[in-house]
Amino acid sequence: MKIRRTTHPDALVSILKQALSPDRVRNDAAERSLFSNDASIFKGGASGPVCFPVSTAEVQAITRIALDHGRAIVPRGAGTGLSGGAIPLGEPIVVSTMKMNKILEVDLVHRIAWVEPGVVNLDLTKTLMPLGFHFAPDPSSQQSCTIGGNVANNSGGPHCLAYGVTSQHVVALDVVLPNGELVHLGGLDAEPEGYDLRGAYVGGEGTLGIATRIAVRLTPNPQAVQTLLLAFNSVEDAANTVSAVIASGIVPAAMEVMDQLITQAVENYVNAGYPTDAAAVLLAEVDGLSSGVAINAERIAAIGREHGAVSVRVASNDEERARLWKGRKTAFGAVAQIAPAYYLHDTVVPRSQLAGVLRRVYEIGAEYHLTIVNVFHAGDGNLHPLILFDPRENGVLERVHAAASDIVEVSLSVGGVLSGEHGIGIEKRDHMELMFSFDDLDHQRRLRSAFDPLCRSNPGKVLPSPHSCADIQSLSRIPEGVWG
Amino acid sequence: MTLNLDPDELASCVQCGLCLPHCPTFRVSGDESMSPRGRIALMRSVEDGAPITEEVKRSFETCVQCRGCETACPSGVKFGHLMEKTREALAKAHEITPSWQRFALGALDHPGLLSAGSKALAVAQRVKIVPKRLGVPRIPLRSPAMESSAGSVAGDVYLFTGCVMDVWQRDVHRDVQYVLERAGFGVIPTTNASCCGALHTHAGLGDRSRKMARHVIETLDGAIPILVDSAGCGAAMKEYGSLLGTDEAKAFGSRVFDVAEWLVANPGTLEAPGVLDLRVAVQDPCHLRHVQRVHLATRDLLRPFVRELVELDDEGLCCGAGGSYSALEPELAGQIRDRKVAAIDRANPDVVASANPGCSMHLQAAGVKSVHPLSLLAQALRG
Amino acid sequence: MSDPTLAAFCDLVGSHDPVAVAGGKTRFGLGGSLREGTRLVSAPEGILRHLPEEMTVQVRAGTSVRDLHEALAEKGQRTALPERGGSVGGALAVGENDLHVLGRGRVRESLLQVRYVSADGRLVSGGGPTVKNVTGFDIPRLMVGSLGTLGLIAEVMVRTNPIPPRSIWLTARDVDPFAVRDSLVAASAVLFDGRGTYVQLEGQVGDVVAEQALLATLGRFEEVAGPPPLPLHRWSLTPAQLSDEVCMAGAGDFVASIGVGTVFASLPQPRATVSPALIALTERVKTAFDPTGRLSPGRDVLQGRP
């Protein structure tokens, strides 16, 4: 992608420094190289100046300067994204929200909190816990990732099975549009007027402007919780149990499955008492009022046994529960014991198809001579195959990507979708045509262009060309009337 | 230039960012170049031929070497080792650690020099020309030497007295000796083992620190357990094995214990007339928590002897002291400390227990009442 | 396009003249009346696929919500759509939540996938068939509550929920409805009409019993058949504004949904002002999807509630 600059880069930097402060605009090669990556395996980003605004007004100022200078902007939170959403393409101005990290207000009457986008997910929950609440979306990266990133990626986590993904927990937000205007989307009232632009914004992956203030819903901590660990002789049995539980009318708080290799690695790392001889384990949690919790836990155990569970263990106290969860949440990292690098994939399939798709995933691994392990949000059919590899092996990345593409195709062929929580970014941009028709994508582009007619916010993401607006990108002056 | 890093160690970072919130410099700056992930990425780029610019040096120099990232990293990246190697390569090339720093560190393994300097400092303090913000404790003008009590039936132990601490905080050593003796042990203060070399390792002066490590190992030959009451020294000595790469050094490392760690495993006969009527917050020195990983022992040891133990809610985030860090990077160290002080305020204790003299001093300079946990214990035992 | 029914609906909508969908016409006047000469069409009907283990149902937009719920009940499930005599497409296009929103969830979150006919007569699909999905922009959210101004809904995939084993309505006088809301966990609705508080409890039998016992400590609750009759107009306030006399002034007779902010009132809600930036963005969205303004002309989503 080509961007035409209208100003010498140094002039841009000094204008930015005037608008913010000299120490909050960085333009050295080291800094820019670091902000050219995120947690994904994608390379080739190229960042322009990196800004650290502290207020909405500063974000507006940066946006307007970017507009004047024909530069795009890329919002960035903690950079834990796995689809390359925060990777800057074509030397845009990177806007880091890390210095906008205040919890502005906790409002127990409305059961919401107003936060700045750079607030770390787990920090928010830790602040809320003593008040009897928490922020329900709990991605495995929650210790690091930001609410702004969660909103942009509509992130999920194990407990989103019962509580819903981020979109359900965002009540209102202030967004600086790529034209520098500030809009307030959504509202604290029951049914805010107009289009649900709040809903349309969430999941926009930074292409619809920068969220600078977010009202998130507070979820009351459950009265009672029970966590069960079921062991199976096959991954299929575990998957079928999950399907049967949902069909029986129970919606557990979470249902997570890990296969044998990953369970062994996890057990090695946290010593939580996971059975290492089982082909798969299912971690199921039910919460709510105590009577319902007890009944549902019993029923899940029974359904598990009907479907071949060889053992069922109920965590006897909070400590045991915490250890089991720690194992699940650090599973990706524990993989380091098996291979130096992994490509964490993310698709969703109908729950009833889980068993069959998993079988194919292992076959695909074998076909490409790659080890694939699985740890996933089984409750909502959200697969996370980890393709393991050693980056120093010649040509291995091609095989990894080919295997990933095959997994995408298998998932879509049974009625699944491209991504359950990591987003499209640049990772799956070119797979979008497998799921959507030309007209479907055209309408997504229309939504995008209503927010960002000139494609100034995070260009090159989500939509494949010709729906992406790479061409408009080179415009340096705004045609009359574009902003209405 | 090359940093001579182990490619496997470097490759083990998968850029997931899970370490970010556990890094004190990232917490206060939000800046990737001040994060573990960023520092590793820059190490990689230098190894791939990128030039050592001022910014690259800044990134490495601002690292506190607290190793909070190491315990946070699920992929097991050996950050401490990578950073020590990086600094050693840079110091060799005279990119970092200017000569005045080398000179100042030189004093640490010259007891005579150190004691002369400290005497001068003590006098200067008396005439009030040492700014308070430096956090230097009030140094005694004269302090009687410590005496050995070897020959106990329960067994003898070395008490490692180190360099700066021996001069500046001999009271802490005395408290530790008292507690150990009450527990039934004979205590041999290591008056001539001198400095552990931790600060030299951190500054990238590997040759010197290895020399000092060899000296310590030679001096403390034998099988007697070596107890350390400074978390930073203890961590360094436990890691002599990887520093020197010899079996002898490894064996030595396994004889080293933090005092609290030792006392929890070997409680002996500790009994106090009553509990201290204090609400005590435990501040974990990074090198106790993230390197030695025995920070829970401090709690187990203190619990029976104080009214209340409270935890800080910052999951052991560094306080910014970092050996000589607070002197070299006062601004960052101050910002990092502000977070710690805020956490302490939230816990609202009567006193903070910190098992590292550097942390204690750094906190005291911000007005925090901080003491060594063994001093608290001694106070309880004395009644 | 493989599905002949949808193809026929596309042809019916066409691509030139002003057109709107007539569903059950229960909320037809929302957003203002249609411009004269607007052609009315009906969306296709029929339940295509209910998958209880996926907790989804695929249904044509013209199907009545009541029929849908009857069919789902056979497998012990339901949806968040309100059952007020209208169609599935209408309920989604209007986007108003059911009375039991606390227990059953919001309408906007129940729509997983939507197929609609665009202003130029093409069939467009947004979202995906699975319960979890972040593939691309969230077109379904945009469609919910859009009053047929962005596209005419033809077919949808909607999330289903298990019907809880027990559901009861209780009422009491002289209790603080806000305290009731704060102390309950399993309430699907807490309503207050100025004197009486109405509570709907749903869940496992034991849970309902426990919550009922809790209620007994707050006041003398008696079981009733259902909610009180609801006045005609619908207000949208914040939960806190419900206890604010200034905000509630002008509602006339009312039934307020505590913890939610919806007020059913005998008088209409005063118009609130909307920021120029939001109006501009709204207009850009409308123009992007319907450049010639032929879909449900005369309706304005920022027009307020009747």
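Per-chain residue numbering starts at 1, and chain names A, B and C are given in the order in which the chains are listed.
The criterion applied here is as follows: a residue touches a chain if its C-beta (ideal position, glycine included) is under 8 Å from a C-beta of that chain, and two chains touch if they have at least 3 such contacts.
Fair warning: this is a prediction, and the values are worked out from it, not measured in the lab.
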Joint neighbours of chain C and chain A, given as chain labels: none
Centre-most chain [mean C-alpha coordinates]: A
Per Cα centroids, the chain farthest from chain C: B
Centre-of-Cα separation between chain C and chain A, whole angstrom: 28
Interchain centroid distance [CA atoms averaged], chain A/chain B, Å: 38
Centroid spacing, where centroids are CA-atom means, of chain B and chain C in whole angstrom: 61
Complex contacts: residues of chain C adjacent to chain A: 51-55, 76-77, 95-97, 106, 108-109, 118, 122-126, 128-139, 141-142, 144-146, 150-151, 161-163, 185-186, 203-207, 209-211, 234, 236-241, 257, 260-262, 272, 274-275, 277-278, 280-285, 287-289, 301-302, 304-305
Residue ranges of chain A touching chain B (in the complex, touch as defined): 26, 28-31, 33-35, 37-39, 52, 78-80, 96, 98-99, 101, 118, 120, 122-123, 126, 141, 143-145, 269, 330, 332-337, 340-342, 390-392
Parts of chain B lying in touch with chain A, wherever the complex brings them together: 7-8, 11-12, 14-22, 30-33, 38, 41-42, 45, 50, 53, 55-56, 59, 72-76, 313
Interfacial residue positions of chain A with respect to chain C in the complex: 109-111, 153-154, 156, 160, 164-165, 167-168, 177, 181-185, 187-200, 202-204, 220, 223, 243-244, 246-247, 249-251, 288-292, 294-296, 348-352, 377, 380-382, 415-424, 428, 432, 435-437, 439-444, 446-451, 453, 462-463, 483-484
